[in-house]
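Each of the next two complexes has chain A plus one more chain, namely chain B in the first and chain C in the second.
Then we have the complex of A and B:
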């Protein structure tokens, strides 16, 4: 037999077929499962696409009467409420622009070109300034709009971005303080972290929004939205600090020793040797924490903020569309999915990138 | 008589209640090459780690190049800049390239401009004969290459004293000689060196003085010829028999 006639390795399709249909029992199981999957998929696409109603010409729910498929018309009619919340209708272009600015800043800060302290801070300062000017108004002839009118996806994105941006430096500080050589600092930090972790986020948000006004003097209060963001950041920081600490703990003691032997100071050792490696080690749990925190933003509804989840609920809540709650929740879920899935894909990219040349 | 590089007087160190170093007295002259040997747990690594304050001593005094090693942080930083150290497990920074490993400390601790630091780093990498690896990461190199980078990294700070803490113990046998060759050439150039090592061939070839430690004490010291030829202490004889017999 010549070399040419030897069969090549079976292709992916061939090997899949032979694995699923090699023995009689395999055939039975495979066929049953495939039929079941196909029927589910058929039902689903019939509901979501084939029998669905996409638009409502007169902006009422009449078009969906007696239709067996999904009534996506509710999204068509009410998407502004979901995305912008109670933001005044004629000013909603500001909210959408602000949301886009925030997302663009977030995407840009994921690009390695911006990874210097100056560029990153400049980027976020500019980003937040534009966002705030657009949302709050009062400058450049924009009508002032109070934060309790902000809402929807824009509010979710804002609270999340601000919370993470304040929370991450807090987390690093807590992690370093917990490893301080002075026992007083290390133990106090430990107690702070443990206390925050043992409270539910709802309690912290509730305290920040409703209890603090009774405790703090007027000048220290600030707007409710900032107290809520700080509470959110603190909650994130307590968990993330432990992730970072685990990353530091995983470093061999020789790293710190070599840096000390070279005459580097504490801050030089920390910023150049310890943290870059520790943050890389802590990347998977960190992404995890970021993902969890994004979904936790929906809790701000209990203190009167209309995030994307709450305004979604408002979108079907007004009698006329109350039958279409599934469609609205599917739409909101899709928004969450897009954000969280991009985040986890970015995490995977970072892991690949940071592994270069290291074993 | 040349000037004194290191002076250790009546030094004691404890790990908790365990007395690791007992009344150590040691004077090292500039350009002197010293080899410290002894069974494991004898305190030899701890002794050299006290010289740059990786370990703190509890009693007695250590003076390095005229600076007293006390709790004053600026004294400690001063000494660490002048004393280089090479570790058993290399301890290179895995997230930095070979070149960055070499330039980091001069740029941060000595404020050397990047260009000068890189030129010096390339010179020292040539000296340890691996300039072609400058752009690689430590994880891509063999053990012997990594240890040579570690030596170059220490040299980049232009230290007056080099401490070697069992630099060949973690290496595969065929890589030991490439590291020892570099150490021999440094010794020939007049570097003040203290080496904790079991490489007795190296000790014979370059050491001015060999020190034998056991149970936290300096048991015996002398020129290599005397030390290996006619050890006076019974414990020294036993140790030499054990490590030279195979």
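Then we have the complex of A and C:
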């Protein structure tokens, strides 16, 4: 495919103006669309900024009576509920610090210095441990807080980070098992991956939360949140394993043959030759999978977790603020948008960067 | 023992045997524990509960169902709801996706910008949030008395009412099937290399269309309920809207969500398809004197679709799975009825088994059928040049 060498628009170098108004039809289209966009933009900014109410001095919804613009006061009053859920008020600094730690870990793993398997896993394991210690407490004199009190954005970040941390090694294992020369292992893994991929995520989460207690002995059960994270990780791993497998299959067979001829063992070949190149090949779909998985964490609301969407619903659902549902949903959507958009932009940048020198 | 481990064959055999034993062991352990738990809770396992009456009604159904019907019928209701929503959702997402892809690849930079904004907004917000938002929007509309009106339709917080026909459900379904078959027939004639080269290809297409119109009209006339006008127009009576077809907000919010979110993904796939069609193809078509519309519909679109159909198929399967979001707005899809049945009947393992089997069958059928289509129309050999 020669996608990147073709320009989608005829005459990219022409100036913007001449492309906007080159033909009579273009003039009509441009003017209509511009006028329409301007009016929408005006209405929107009038609602969201000019006529909006930003704060509520007495923490009630009185200030928004008879206001035509957005009532952002609901966010001002209820943001703690949306971000922290039911986390105890005086301990909320721990929740926000934990979130910040995870964001720093995510940003650091975008820096090329950390792009070796050992550094990256060390970074994530250390970051995640700090996150968990901060949230759960019980160490360094922090009061313990049970996972059923966790909520809001922090819960979303927790389930996502834990799911990815468990899911990535699982994905590599599944991909290698599916590529194994031993037919029984390869076939069985194939069946597992394909079955998981053709089921909706919610059925897997549902099974993990409600059905596993039936078939697991008491001592293996663990907390509901960990079962759900395992289900989430399994679903991610099934998709990611296929990305990695196609990364492996894209390698020239000479790589493996040369490594074999040098007398390297299976583990040496896999960890030194195959996987580093395969993971590099699989990077664009992997980033895409990370993005999709972040959005899919929002499904945990269905099995009764108090994530950022559920806490948003609770923030407007209690009578007094019930008229302000648009503002709350816009706020929650904005949170997701910031996370997902920056991740996908970074993915696009990486893809461009990796393409350099490959032609 | 040592010599046994040194032999590659023996090692491979041992490894696989251990793997197999581990899997069988886990399954057997789960089975033993499961039956022990079931016995402890006094639940009789098995599928007899399917014939028991459910005792509760559901909101949205395509076939007759009431609390006196069995769990089997309830599951069928859910299954049909999922298929109905999935089918309509995929069609709607395709239409949105094609339009946005055309915007993204248009000559006019303003249209490009519009397409880009659309994609960036709707692709970066989880679909569940979008569905919940549309549901909140639809249920916050004015009540029936102050409903928005236009084109004989009403839009209110109770649902959207559109004109319909006074035709019994069975006959309506039959006429839909005839119309679908006719469209498929016409497409087959156009797509097939052999048939489309016949001079009478156009005639055959018209014949199919005419036959289908007659058949549909006849079925509708047969199914028409006596003593009612043919058209059923919604109208305000008292505090509620009567007649017409009611589209509940649960269904509509999911349909809008699927169309908008799925459309954003499909648009990007189709756009990649447009970009993969070589410029030479369109230029050659232009120089042969084809009109812009012909260049688009006869050259660029077919080539683009063929290039990206495998990716599109994956997206369709994904969208179909997204119908399970029905449970957050109270649409009784397959997953929702299973979830309710688990609460009511308590047969957790059997019902989860039905759920997974149902999705495995449906998704694999969709993928299988579309992959056959893909095999039939994929570009082969010399057609691949750009």
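Things to note:
The rule is simple: the second predicted complex is superposed on the first by the 330 of 359 C-alpha atoms of A that agree within 3 Å, B and C clash if a C-alpha of one lies under 4 Å from a C-alpha of the other, contacts with A are read in each partner's own complex, and residues count from 1 in each chain.
The rule is simple: contacts are C-beta pairs under 8 Å (C-beta built on N, C-alpha and C of every residue); 3 or more make two chains touch, one makes a residue touch a chain.
Since this is a predicted model, take the numbers as computed values, not measurements.
Superimposing the complexes on chain A yields a three-chain arrangement in which chain B and chain C fit side by side. By the touch criterion defined above, A:246 lies against neither chain B nor chain C after alignment on the C-alpha atoms of chain A. Geometry note, superposition on chain A: angle between chain B and chain C about the Cα centre of chain A is 90 degrees, to the nearest 10.
With both structures placed on the common chain, the touch criterion links A:313 to chain C but leaves chain B unconnected. Measured by the number of chain A residues touched, the leading partner among chain B and chain C is C. Residue contacts after overlaying the shared chain place A:109 against neither chain B nor chain C.
Shared-chain residue A:288: touches no atom of chain B or chain C.
Contacts of A:92 after superposition on the shared chain: neither chain B nor chain C is touched. Per the superposed model, the minimal spacing between any CA atom of chain B and any CA atom of chain C is 6 Å. Common to the chain B and chain C contact sets on chain A is no residue at all. Residues of chain C that touch chain A in their complex: 12, 15-16, 19-20, 23, 29-31, 33-34, 37-38, 104-105, 107-112, 114, 120-121, 124-129, 132-133, 136, 140, 272, 274-276, 278-279, 317, 321-322, 324-325, 327-328, 335, 339, 342, 348-349, 352, 355-356, 359-360, 363-364, 367, 386.
Across the complex, chain A meets chain C through its residues 1-3, 6, 8-10, 16, 19-20, 22, 26, 29-30, 33-34, 37, 181-185, 188, 195, 198-203, 206-207, 210-211, 214-217, 295-296, 298-299, 301-302, 309, 313, 325-326, 329, 332-333, 336-337, 340-341, 344. Within the complex formed with chain B, the chain A residues making contact are 252, 254-255, 257-265, 268, 272-273, 276-277, 280, 356-359. Chain B meets chain A in the complex at residues 52-54, 77, 80-81, 83-85, 87, 89-95, 97, 104-105, 108-109, 136-137, 139-140, 153-154, 157.
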